[in-house]
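Working notes, beginning with the structure itself.
First chain written, first letter: the chains are A, B, C and D, and each begins at residue 1.
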């Protein structure tokens, strides 16, 4: 059930509806929009009677939600969600889901202060505003490098201070979720944990945005339901991420399913980005697929970049060299320009070119996808 | 690296080798076999020098292990592992991986004391020795029934006392692992958690056998590596379970991959059972696939049976009616008979028939698979 | 639309109904059953009026067919189809779909008279009644051995005369279909050609039974529709064959989908057999999966056996040695015994054992699958 | 084996090498390049002795080819193949694989002269240079509309004369291949026939370019090997086409695998285009995926456009309305512009904008993919 408030409804009206919902033993999720506030109801075992709410002050209508997912649905919130990160006083704000593409880059795992700083300097310069780097690594083998742990998180905090990059790093279980949240700007939940419901619920109770990767064989509905777990606990700042699915095809490590981007855009208000590094597993495929991801309408990219890929402790074969990442940024900035979007690099480019205003193609933020 | 002791090596010899391994900063995993003891080494960052060990008393040879998984491998332990459950004083012991098939049956989720007792009585009578029933349910939707929690576990403890059935129930995160282990005889880790490495490591530190289900798109190597996580922490009692993988095929909910049974048998000493309920997702396919699973060489079955499937709170469409489970048991007992295995039902059958000794086909425990 | 005749309807009544259907511009498919005859109608662009037929002499009822496939459906013919092969005067008849399992064995490709004869002698002795061997081979590479062609077919005709084995061999295009039909008892259409509709239609106009293999990524509906192409042209003798589908799993060449057997049995009257050789692609997996196929309810097996697998010109790694095929036959005969079926080997076994009458398990032809 | 001629080698030198190859019983495939001619050898059962050729006049070197495919490989021909169509005297030439993207559009099946002409007028105007339309339709059901046959081909010939569009239409078996080749500019071989080797060989003996669609579960190697069948018969004008593969994902009809574009570009000199209509099966996904296909580096698109999709006899739900196709063309032309490529629409656009010369991004024909 979704309660849609009138545009002129007061804050008190909204509070009264929420109080009524809670008094019935359910959970109220007020979602302010540009025009009006909507209030999602979860926790109800069956359909509710619309009349119970439609007679209250400020209520426009009470409508049943037809999809199994509720809070992630465009039925509940028709405008795109834009997730703003506050990376610190005096630091440039970063947002995900807006006109500017969110570019997240960095090494698979933090190996040392030197490695992290070297990577951060290069990706910052190339136009990334967010830094990805794992301190806790879920590895297929118990005998593989499992990450530097909290020591790594501390270095990431330094990276933020030094380079003004927002930090995206992985959490692997409910226990370590709180620790990671102390240091990170965005909590990453990996593909293998997409249906680790305890972790999803725990992340839903924190106040940090969550980057949720699609599971290797997750259907679109399962993907959205996993996000719903987080929202249902009160955390509405979820960024979805397509990172390839598992198929019979053997020329890439996974098969990047770019059709999921317009499919998500149709059903959900949440932003969705693409990981062409895991999505292909091969360095020479990353940039072409990054171009395609931007062209299809993704809200950003997450890319593995390592100052020295041959010596990487994990995923070296799919990590870009810093100069390759610069090329990637140049190319995706060009594509962004013609579909009415920008990157942090666009501003630099503007001085010397008219690229991002290239004519009739950027009437609005993007082509209808 | 694997240290193979001589048949006549003393316990002191074994202890000395373990002490040397620990002194090098690695972990020793002594694995007693019928003829000799082998000692697995984990934690070493690279290859070790065989001569370091081959000169010690009682050591036959030191051999490198060629597979990425070590402790689960037949290279380390050539005999089949048989996992014995002690379900209580005065209760019949149950074992998994031996000549008798392990038959695990019961409802998807515990709904009430009445439901659990009704199911337990029927599956016990039909020949199951283990009872499956979930108290903590990982559900795709946050709004679906999530299980009765500890209250359910307490009822399961009653089921064990009352019916002498060993209890198999699911654990969903490291935190609740300890709680579940207090009540269960076997901890189940579900397909969605197959690569929840925190949970695997936690279960590896407990003293309870673990039933590990294959992930929906897990390769054989990933499946064995997930088991390796548990063994590497010191818990060697792992039972693998094939439960269907995700494919394009739409006539069943999953595609049951029975070829993984002989594939596991070739590479690993661990027992492996089959779940034809989730493996097909359709009630009328469960019994034919259960027959096939026994014929292919599985060490047992885990089957959903509900006293009243239409009223089940989850998975009703794939749960057998109690009388269907009896038919299933009759049929798999017949198949077991001709491939040199038994079920608890075989003994009953023997009085009236010679089925399980049907000629030359049961020279040994099973056909070479 | 399906016209069901009354049990006492005369041949003239049936002819009159067929004449009426043809006069309307459609096609009539009379299908005699044990109790009554049914007449399928194809070629009608939309639903027909039942009353047009229900008033005719001998008609019991006219019922619309709900599935997209018609003639292959159990709605049209409820009894299992049994396909009888007449292999020549004085030769034992072979049938597929009856109580005795159809065992088809032989090398992937015919290489020489000596090789074919050596294989035929061994598989005949082990209990096969049909000989599989390709003279025209569809190969992934244009540079691989493509078969001996008509010369090979002539040798196969000799094999039939010499060993009394029915010949199953592949046809690869409409042109060569007629040629192959001159020599073969059963025309095989391979997985890559499952949706080669020209070939299916051509085979539908011949009078020879067709063994139709499931495509590598065919859904159940597509599989049945491919068979429908053959039946719709007037050839009702189709044998379906599951040979593995393509998935992410890499421990076998294909993933054998045994659940399709009970799924086909529910929807269609056609017999279905299993190919554990292509279904696994590995010699050591063939026998366990053959056991499983028989246990799940398949009507037979098609198995690659080569007198000298290491020297085979194709598929050597998945071909059984003749002595392995004997073990396979021994094992599947045992399984067949307890599910109420037989093999040609059962008769031999009977002298010394009571295996195939093992008690209450063979009340009827097979367990309800 | 590949014989690389010296830049200054004469035509006589090339003929002499070919003659020698033929005299050995093999087949010679001379492939002229910008700098030099290379001569592929096929039909040799094993490796040849390089010295046999390296001593001949004009020969630079003889090098073994390491891949299972030979003539399609970049090892044999390093420059991109550009396939030129001659659509008739006085008509504008069309080429596939060059700087201008090949845009192929039109209805799934030809239904009438009016429908074809209406579609052709619209797609021509929007910037397509090739017209796709099926006269022979391979359909899953024998009871579905199978196409107008030769009558349809005749209408297509009229479309070419009237609109100057090159005609792309499907051939379904070797027999009808000759008939289709009389009318078509490009023979299309569909996904279901990708491994119909008889058809591939037949098409290889004709002089018409072939558009070969990837099979639904074809690996990259199988795809290239299927093309190799055509080239090995002497027809080097093959255009590859990605049209989606079959996976578990259910939000689109197929999963479009765009990573195969850079993968093909790395291994083969053949052009490759993308079919976003079958690749997604949903009208609203076609344009976003078309943008992505161009961005990833495809050489063109094949798109279903119908003047009246709701009344289409096949594939209506995935066919674009003509005005949607115009939007698609506008968008892909913009993307093409920034990656250094063009469409027929670019020229029109140039008058009013500088789009296709947008700065440093079009140094060369495309980004290295």
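Note that a contact is a pair of C-beta atoms (placed from the backbone, for glycine too) under 8 Å apart; a residue touches a chain by one contact, two chains touch by 3 or more.
These numbers come from a predicted model, not from an experiment.
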Interchain contact steps from chain B to chain D (minimum; 1 if touching): 1
Pair with more cross-chain C-beta pairs in contact, given A-D and C-D: A-D
Approximate Å spacing (C-alpha centroids) for the pair chain C, chain D: 38
Where chain A touches two or more other chains at once, by residue number: 217, 246-248
Complex contacts: residues of chain A adjacent to chain C: 246-248
Chain D to chain C touching residues, read off their complex: 42-43, 68-70, 138-143, 172-176, 192-193, 195-199, 201, 216-217, 221-222, 225, 228-229, 232, 246
Touching residues on chain B, where the partner in the complex is chain C: 217, 219-220, 245, 247-252, 255-263, 266, 279-280, 284-285, 287-289, 291-297, 327, 330-331, 334-335, 337-339, 352-355, 358-361, 367, 369
